[in-house]
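We just call them A, B, C, D, E and F in the order they show up, numbering each chain from 1.
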Amino acid sequence: MRISVFRKEHFNAAHRLYNPNWSDEKNEQVFGKCNNPNYHGHNYDLIVKVTGEVDPETGYVMDMKELKDVIKAEVIDRFDHKNLNLDTEEFKNLNPTAEHISHVIWNLLRKKIDENFALKVILYETERNYVEYPAD
Amino acid sequence: MRISVFRKEHFNAAHRLYNPNWSDEKNEQVFGKCNNPNYHGHNYDLIVKVTGEVDPETGYVMDMKELKDVIKAEVIDRFDHKNLNLDTEEFKNLNPTAEHISHVIWNLLRKKIDENFALKVILYETERNYVEYPAD
Amino acid sequence: MRISVFRKEHFNAAHRLYNPNWSDEKNEQVFGKCNNPNYHGHNYDLIVKVTGEVDPETGYVMDMKELKDVIKAEVIDRFDHKNLNLDTEEFKNLNPTAEHISHVIWNLLRKKIDENFALKVILYETERNYVEYPAD
Amino acid sequence: MRISVFRKEHFNAAHRLYNPNWSDEKNEQVFGKCNNPNYHGHNYDLIVKVTGEVDPETGYVMDMKELKDVIKAEVIDRFDHKNLNLDTEEFKNLNPTAEHISHVIWNLLRKKIDENFALKVILYETERNYVEYPAD
Amino acid sequence: MRISVFRKEHFNAAHRLYNPNWSDEKNEQVFGKCNNPNYHGHNYDLIVKVTGEVDPETGYVMDMKELKDVIKAEVIDRFDHKNLNLDTEEFKNLNPTAEHISHVIWNLLRKKIDENFALKVILYETERNYVEYPAD
Amino acid sequence: MRISVFRKEHFNAAHRLYNPNWSDEKNEQVFGKCNNPNYHGHNYDLIVKVTGEVDPETGYVMDMKELKDVIKAEVIDRFDHKNLNLDTEEFKNLNPTAEHISHVIWNLLRKKIDENFALKVILYETERNYVEYPAD
């Protein structure tokens, strides 16, 4: 009996989209307003999806409290109220697009979630723009 | 032309998470606040996903009014404003976790939905905790 | 410069609507499904509105962290994952309608919020039914 | 590194469900209120899902601004504030059910989105009724 | 103990904004896309606010079931899946702007709600455009 | 016939809460994570409420398209994808709390909205923290 369970959390952060190998003109042309050198920011909504067998003893795939604590330790405490470009190791040399942020979060969580479980990350940058990693 | 159609409904219920084979201490340790012997409750949001070929006569996979009526007869009338542990046959001997509730709802609906259609159930216990059965 | 600030929190609880002075028939007639003797439950969304002058030093009417902590101590820790009728002093002898719950919460918070601030409570029993106390 | 990116847009339109090969009685029986000869209408929410490899130069699967512009040119400008049955070529001879609308939108977008990307369309007719094409 | 209670309902309808005393050019200039002679449509979300004293016997300002039934009889059955301009008496000679619709709904409900209660109507034409009548 | 009309818009920005008259320790103590010298950010949702008489010619209090354009010119173009502390005149010497931002926005809009109309601004910093200026 394989079931997926989902937990929604959120964090707020500043970022800037920027490719250091490009000229300022090309960065401006490709990333537009998102290239503002003084940064802008978002309320990120994060949904973590864990898929596995239901434990017959608990009736849980995984304790949501435990999943919440892992997300807090690995993601929220690391990125909440931070400047992703300046304050984090992960994005010092990686452009903090929603695609890259979801990939980084997946890698952070993957190490902490039982390997018998499949893992997926959905990240809302705004209500209208969001990403899912890995793709189905 | 295979398409998925989704219908969202809701019901309110009380429940308690509990494993009768465990001591009170273990139940308290594993289920925490959800183990309250006097019950707590939720507004459950239920999304039913039906996948199949579009009927060229109607342009429908399935009449949403018919799907709504099946959900009402099988799920809402059975669980709405009920104590899942005390008032229902389904959870007299089954721990009413979101995982188990989604599985029970899937079985109830599966008997009433044309077998040519694939069926999936998404159940929100809160805005932040939800499950999907079966997993992709 | 008077401004209103709002903080949204939530709790889950079981309850039953019941007037002990009435016959079972009258309770059933007036409260319908909400009168189920085995209880049902809700995810309550609570919005607390505090109105006052902005402090020129902080730019705050009130620190939202402080407001969050007061709501947690007075409301969430008291009612979350509880059976309102059985587990709480406040509703042992008071019918836990949304109207009464909002009034009780207002009284609990009023003692802890600076009297220079006006206070209002908005309580969602479901997405479609909610109340506001006091009325404008 | 395959990722899915999603963009949400909306449009408002009138429509009527109707099969010209059927009698008025059969249309009324099958489509009920949706068969009103004077039309009714909806706020359609449209989510477009594009799946592909992340471009290592930009960190994007696809520029969301570009996707937004394609949706505007192909879908919003064509259907927003229109009567789907009377004002559009696409539904002159096609019953504008949510299933058919999602299929038409998918075909319109498919021609404009790089063929290396997989494409899916999710269309909300109301908050409680929605469809996804193609099915997983 | 005066409290406000709110009930949310919805209906779908087609309409066209149009002033018959104006030229087609002026109608087009003022109402733009909303002037489409073939109509467009919306999912209207309606919130009805009733303010009064809490009944000490029931703990209710007003039974939400009763309020739901009044809204259904007076508003939903009248306007749902209708063309407001063509199918309703109320808008045969009245431009169906959100302002006018909210005013019409208020008048319909006012006759059916106990005069000891204050009444207000909030009407969402889209998620981003809404009105409240009467103003505070 | 006085009615209130509401228009919802949004913008994304970075900010830092900080009082230059205080020590770093006091800033850290009062503003906590919001004091991060490298900034963090938010998706701000802005609701503008305009109250006035309905124009009998148009059926509008005010053309929502016009209101949208005023908000875009005065607020969105000024603050979207900006660092409020560094990129804007308004917050060079004013702590960008939600209270202050709502006050600044009200002043910007007040000059552009007909003085016969009352004006109110509701600003969501997050889904759970929001403010309203002026207070009722």
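Everything that follows uses one rule, which is that a contact is a pair of C-beta atoms (placed from the backbone, for glycine too) under 8 Å apart; a residue touches a chain by one contact, two chains touch by 3 or more.
Treat the numbers as computed from the prediction; the structure is a model and nothing was measured.
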For chain C and chain D, chains touching each: B, E
Least step count from chain C to chain E, where 1 means the two chains touch: 1
Remotest chain, chain C as reference, centres from CA atoms: D
Of D-E and A-B, pair with higher C-beta contact tally: D-E
Where chain A and chain D are represented by their mean Cα positions, the distance between them in whole Å: 29
Numbers and ranges of chain A residues touching at least 2 other chains: 127, 136
Complete list of chain pairs which touch one another: A-B, A-D, A-F, B-C, B-D, C-E, C-F, D-E, E-F
Residue numbers on chain D that touch chain E, as the complex places them: 10, 12-15, 33-34, 36, 38-43, 80-83, 86-87, 126-127
Touching residues (chain side chain B, partner chain D) in the complex: 1-9, 51, 54, 57-61, 63-65, 118, 136
Complex contacts: residues of chain E adjacent to chain F: 17, 19, 30, 32, 94-100, 102-103, 127-136
